[in-house]
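Sharing a structure below in structure tokens format, with a few things to ask.
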Amino acid sequence: MTVADQMLATHPKIGSAAAQDILLRCIERCVECAQACTACADACLGEDMVAELVMCIRRNADCADICAATGAVLSRQTEPDAATVRTLLEACRTACASCASECEQHADMHEHCRVCAESCRRCEQACADLLATL
Amino acid sequence: MTVADQMLATHPKIGSAAAQDILLRCIERCVECAQACTACADACLGEDMVAELVMCIRRNADCADICAATGAVLSRQTEPDAATVRTLLEACRTACASCASECEQHADMHEHCRVCAESCRRCEQACADLLATL
Amino acid sequence: MTVADQMLATHPKIGSAAAQDILLRCIERCVECAQACTACADACLGEDMVAELVMCIRRNADCADICAATGAVLSRQTEPDAATVRTLLEACRTACASCASECEQHADMHEHCRVCAESCRRCEQACADLLATL
Amino acid sequence: MTVADQMLATHPKIGSAAAQDILLRCIERCVECAQACTACADACLGEDMVAELVMCIRRNADCADICAATGAVLSRQTEPDAATVRTLLEACRTACASCASECEQHADMHEHCRVCAESCRRCEQACADLLATL
């Protein structure tokens, strides 16, 4: 049981167990993806061919910021605003898809891009799954 | 001329002056609103009637996170992803409107809620204005 | 193997395996603690006795911000600035200790405070361990 | 009167006017510097000579994260923890000095580095001034 899971399970205002699973997965993937994107932007910056990775660094930076905000908003369960959650998940899904597409083009050359792209795809799917329940 | 303005004007990849004005205003209002919401959440927390301000604190926390992410994404002009920018602006506009509505209900009682609501409304408008140009 | 671990192992500029272990643990605990503190602030906000949890919400909010910044800075391994890393780890250790002390006082009453306090203590220790290697 | 100023003046738990001035200046400079560093990292990334700006981008990224966290922590005035504020100001001052030193080396070539270096130096000074009052 992860800490995020325990935090969710001990929250005073929490819904059904099934909704919790999808929510928890989305929180964990947002948090993981934010870290992966921050690390990938920096790893790209450390490569000799940094000039060819400019778009990748940009996509990573945006995706990191948006995943971090989404992970924080989803971690809050007291009086959530449905419209805010929904539009933010849409933005997070879009940022993850955009970053994954870019990272995938460098995945053969750079392992950090491959790992990051997979993390983005998992987060994109988790956002889509959570949106489907709202 | 603000620092944000100078940063935009000295960026190597920048569009027309008119687009710059609307973009700059949106960056500045996101940054201002993020700070105002962080401060308002904390000011509400410091009020004796904190129990009546729970929803306000929650709305402030989300709005602060989303405005901060939006201000950062908009501050980047190298290889932006249009779909990410558009969906994030939608989320920011939504969060600002939601936070403003809540803060407006306490504006007569708490000056910090009045100031914060006005900052949210300005940011909401700036997001809408920028969206209209995309 | 976590994603953070894979990101570290695939970075182009990385030191010895032993240093990596301590660094990785600190990154993961910062990221975990940031989420736990965001969730605990919100869980406290959702409790009937919110007025008694004001200091806890404040400590959580600061600790979340500082852990998030520390996790991001540590995730970057290209051209790190030793003095910045060292002073930030000191701030993170301090914020975690302060938040843990506060959460521990509510741990018997609120499970979320107990889980969060443990996460803060682990992060405090990880910062101290990493500081000892610098 | 800025919004940050109004938020501070309307906070229910606020000290003397003199302390407020120094605090307000530090909040505003942290917020300004975080935005400038985010924009400078991105402007550097958009330059043809990006490979020569790797260290600058790294310093900017760290400084942006730390200034944002510091601006948020300082914006909160309910039950502050003195040790956390002090160590964080130390980290922020250090990050600003390090980023300014690096940006200054490119200030003749890149206007965005000149503007950013000046913003970092102002924030470094504001942190030192606030530290001197604590």
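When the chains are written out, they are named A, B, C and D in that same order, and each has its own residue count from 1.
Simple rule for what comes next: contacts are C-beta pairs under 8 Å (C-beta built on N, C-alpha and C of every residue); 3 or more make two chains touch, one makes a residue touch a chain.
These numbers were taken from a predicted model, which means no experiment stands behind them.
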item: Greatest separation from chain C - chain, by CA centre; value: B
item: Contact-richer chain pair (by C-beta pairs counted) among B-C and C-D; value: C-D
item: Geometric centre distance via CA averages, chain D-chain C, whole Å; value: 21
item: Inter-chain centre distance, chain B versus chain C - centres from mean C-alpha coordinates, in Å; value: 27
item: Contacts with 2+ other chains: residues of chain C; value: 42, 45-46, 54, 58, 61, 68, 72, 76, 78-79
item: Chain A - residues contacting chain B, complex; value: 54-55, 58-59, 61-62, 65-66, 68-69, 72-73, 76, 78-81, 83-84, 87-88, 90-91, 94-95, 98
item: In the complex, chain A residues that touch chain C; value: 2-4, 6-8, 10-13, 27, 31-32, 34-36, 38-40, 42-43, 45-47, 64, 68, 71-72, 75-79, 110-112, 115-116, 119
item: For the chain A and chain D complex, residues of the former touching the latter; value: 41-42, 45-46, 50-51, 54, 57-58, 61
